[in-house]
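As written, the chain order gives the labels A, B, C and D, with residue 1 at the start of each chain.
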């Protein structure tokens, strides 16, 4: 199954709803199975630097079919994927990027940026849950 | 007045509605007064190469506070802005990018890509009208 | 249907066979539906500058679901897509890139570079025919 | 002796065979003595982010005529080549890139990405062995 725009935008809006509950201002991006952007929203006043980070988190998550925070554990100094961030025109490997699955296959990913990595991940998870 | 996310997404959705009426598959982007991305949607099956073009059209339009087609007239061989596309990490100067104004001030821009430049401009204009 | 590696490499090898018949040295690239590289071969002595061009031709063709030469007709001075090459980190819009279809859907594309655009297109067409 | 396309593709295919034995999905790249791409294959379902990493591993290995894991030991914080990854449009310095030698001279390199660094290196070594 391919990700639809309706699903992608539904995920974005669930993320915005969760952000408002938590009193946060977020950038939320969704990519499809090809790691190509499908939907993006930036809440008023959200960090401008997080536009690119949200998009890169979504892409990074799809690039390796795992949550970005998992990659970040492996890219620390001395770990096996140290400096992987230099590939693919820049990866973002801290939490806030999560995969979207259907029948055990990754069909896209969500990236959230605008607050602490814990908050980013919480909002991304809420966005994912809305379409799972 | 600053462009709100609600307005930006409303413009995107008006563009999608118009695209469906015309049986087109579009990428639609909205940037704010700072030329920073606020909202983006890609319809299923829309050209992948138009993701970047829609965003660049929106940015180009806000960068110079005019519709992209106007800049394109000036960037032809022998004209005064020839090769301006080399600036700003790449401009797109054919129609499909339009400004958003409020009280005579440009507060953002819309970029549409996915079809002929006539169709792109028509959809961008419909998106703009929805929030004017 | 998704493009398989077997198909992609079969297309590459058909292109190499045709190149040898024509006494040419080519770079041949195949991308999948997401415009991501699947297979690439460079014949000994082929132009080094054509590595990137072959890959960009394949991507460009999938980005807009048409042969690259068709885009090139529209990107000339005064035409509607003038300077579109500035998008997507660089497009190549002269012949040599062709789409791969299955049941009327584009599932990938082939890019060939290393000789005249007529030869590039002829080799790309032979590669496409081998898997059509 | 210069690396031939036949050798390069033979290395790629040996890597794919080994990957299948190990039940892995890999991206495999081969560059020649000029560090320019000669052959590349991505197995269906292999990580999309590993396309660039496989190519960068092959280039990195040839750039410094050593296996990428050796460079990675020297690029850790406090070590002599710390942050060398910022050069050459991005290096990848963890295992999976190996040199190809002939008569004591480096004539190319292989890069593999798609799994753990141990698996990546094992597949790269199998690819190398097939043409040594």
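Here is the rule we go by: a contact is a pair of C-beta atoms (placed from the backbone, for glycine too) under 8 Å apart; a residue touches a chain by one contact, two chains touch by 3 or more.
What you see is a predicted model, and the numbers here were worked out from it, not measured in a lab.
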Handout entry: C-D against A-D, pair bridged by the larger set of C-beta contacts
Key = A-D
Handout entry: Whole-Å gap between the CA centroids of subunit A and subunit C
Key = 32
Fill in the blank from the handout: Rounded to the nearest Å, the gap between Cα centres of subunit C and subunit D is 25
Problem - Centre-to-centre distance between subunit D and subunit A (centres being mean Cα positions), rounded to whole Å - result: 29
Fill in the blank from the handout: Residues of subunit D that touch two or more other chains sit at 48
Exercise for the section: If every chain is a node and every touching pair an edge, decide which shape results: line, ring, star, complete or other. Expected result: other
Completion exercise
Seen from subunit B, its contact residues with subunit C in the complex are 47-50, 52-53, 56, 72, 75-77, 85-86, 90-95, 116-117
Exercise for the section: Over in the complex, which subunit A residues touch subunit C? Could you list them? Expected result: 32-36
Practice task
State the interface residues of subunit A toward subunit B in the complex, per the touch definition above.
Solution key: 2, 4-5, 8-9, 16, 34, 36-44, 48, 51
Fill in the blank from the handout: Listed in rising order, subunit A residues that touch subunit D in their complex are 34-35, 60, 62-65, 77-78, 80-84, 86-88, 91
